[in-house]
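Each of the next two complexes has chain A plus one more chain, namely chain B in the first and chain C in the second.
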Partner chain A sequence: MAGVVSSHAGPQGTWVTADREERLPGVLATALAGGGYGVELHLVTEVVPLLPLADRVRSRVERAAASAGLADVLGPVDITIEDVVTPNEVSKR
Partner chain B sequence: MILLLRAVARFVVLVLLVALALVGLTAAVFSIQGGDSPLSLPGLAEHTRLPEVEETVGDYLDQLEADGPLAKISALAGVGAVLAGVLLLLGVLAPRRKRLVIFDNGEAGRLGARRRTLAGVAEALAEQARGVTQARARVRPRGRLRIARLRVTVSHGRNYQDREVEERVLSAISPLVDSSGLTPRVEARVGKRGARVE
Partner chain C sequence: MAEETAPARETTRARRGGHGGEEEAGATSALKSERGTTAINDLVVTKVAAIAARETRGVHDLGGGAARAFGAVTERVGVGMSDERSRGVSVEVGEREAAVDLTLVIEYGESIPQVTEAVRENVIKRIEGITGLSVAEVNIVVNDLHFPGDDTPEESRVN
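On to the complex of A and B.
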């Protein structure tokens, strides 16, 4: 997604969710007390407007949940920007 | 200061927990037998010379009740202990600094960014401005409002004016400010003698 450089698994590498045979770094899904699941995303982004970026990320998560038949159980999508990289750093990566 | 108090409070808690565990272990071991056996509580009292301690403490309490230097010293020590307790409570109870700047917190979810990350980017962008030799940035949440403040302090050479450097830095950090909604404040000053040059 434009503006998102990568996800971030945290300093200890513990922000990871296992999805069948795949590991999703920087993604946490938590069961909510009132039902459903909250999603927490830890991202590294470029220097882009963060609020519109967050809206785009949430829209994509909602679409993915809907296509998997999980739209009803999707709770809030919390986004934490763990690092912001400048264009120079993006090109180095 | 709060960081120091927090570290001291954690150390004290660790020491007290270890001491409590050792006392508990000792009491458990000396509860294995009863009566006057070696591994009994009376045996433990003998090992720790409790009767002698009782006499010593009794003498001390007698002197404490009477007027004299010991009573004054003890009163001062009591006041010191109360102050130390209050400081330790501050270390335990004082709120932690928020590491996240929250930009948005609605039903759809929360959007936040690390303060250190934002400050680091601001420094990197500010140092790209012409004339800047060094930049320091701090991000502070402003109370309960969502907008946080970004304060950038830059040093520059003597051949530049403060005002023009501040404008250049504001322009340099504008991508970050526009993207995050931070309220910027830039201060420029001539670098100290011997500081890094452009």
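On to the complex of A and C.
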């Protein structure tokens, strides 16, 4: 997604969801007491306006959940911008 | 040699930490809505402030003498322990406000009041534009002046 460089697994690499086939760094899904799941995303982004970018990411997650038939169980999507990188740093990655 | 300039606005210092108890490095500021929370790590605000200061005309470098010397050593050794982009910048981030402290080296010949005011305006513009946080104050310490010949090594007196 434009503006998002990568996800961020955290200083100790603990922000990870282990799927059966792959690990998803920077993604956490937590079962909520009232039912459904809250999603937490930890992101590294470009130096762009961050609040609109977070809203676009949130909307995309909501659309993806809806298209997978999971709209009813999707709770809040919490987004943390952990770091920003300049275009030079992006090209070095 | 340091000169401290007045803060941009007379406001209360930003409260520390968006989430309860997160007052150490890596704390975040949060903007809540029904669809979820958006949080921005302190490191992000620090880097944006450093980038904004560096892109201002008349600013040679950021950081105090010791920090710059240490940065030069780690760079030469190839150990990237300190992030050069955040050197000379300290921030406090609250839920909706940020306060920034900068230490600058300014090019000799430039007007210190004009450069610091330009830095202050650019830092406020960038932080508010990129993070959505309101900037309560930008405090600037001019730590040193850079002279044009400072970077060229002295010629050896012997062949």
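FYI, the second predicted complex is superposed on the first by the 93 of 93 C-alpha atoms of A that agree within 3 Å, B and C clash if a C-alpha of one lies under 4 Å from a C-alpha of the other, contacts with A are read in each partner's own complex, and residues count from 1 in each chain.
Methods note: contacts are C-beta pairs under 8 Å (C-beta built on N, C-alpha and C of every residue); 3 or more make two chains touch, one makes a residue touch a chain.
Owing to the predicted nature of the structure, the values given are computational and were not obtained by experimental measurement.
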Touching partner for A:A66 - first (chain B), second (chain C), both, neither: neither
Touching partner for A:A54 - first (chain B), second (chain C), both, neither: both
First (chain B), second (chain C), both or neither touched by A:M1: neither
Which of chain B and chain C A:I81 touches, first, second, both or neither: both
Which of chain B and chain C A:L32 touches, first, second, both or neither: neither
Set of chain A residues, in rising order, touched by both chain B and chain C: 38-39, 47-51, 54, 58, 76-84, 86
Interfacial residue positions of chain B with respect to chain A in the complex: 100, 103-104, 107-114, 117-118, 121, 124-125, 175-176, 178-181
Chain A contact footprint on chain C (complex, rising order): 26, 28, 31, 34-41, 43-44, 47-48, 51, 129-132
Chain A residues within the chain C interface of the complex: 11, 38-39, 47-51, 54-55, 58, 62, 76-84, 86
Residues of chain A that touch chain B when the two form their complex: 38-39, 47-51, 54, 58, 76-84, 86
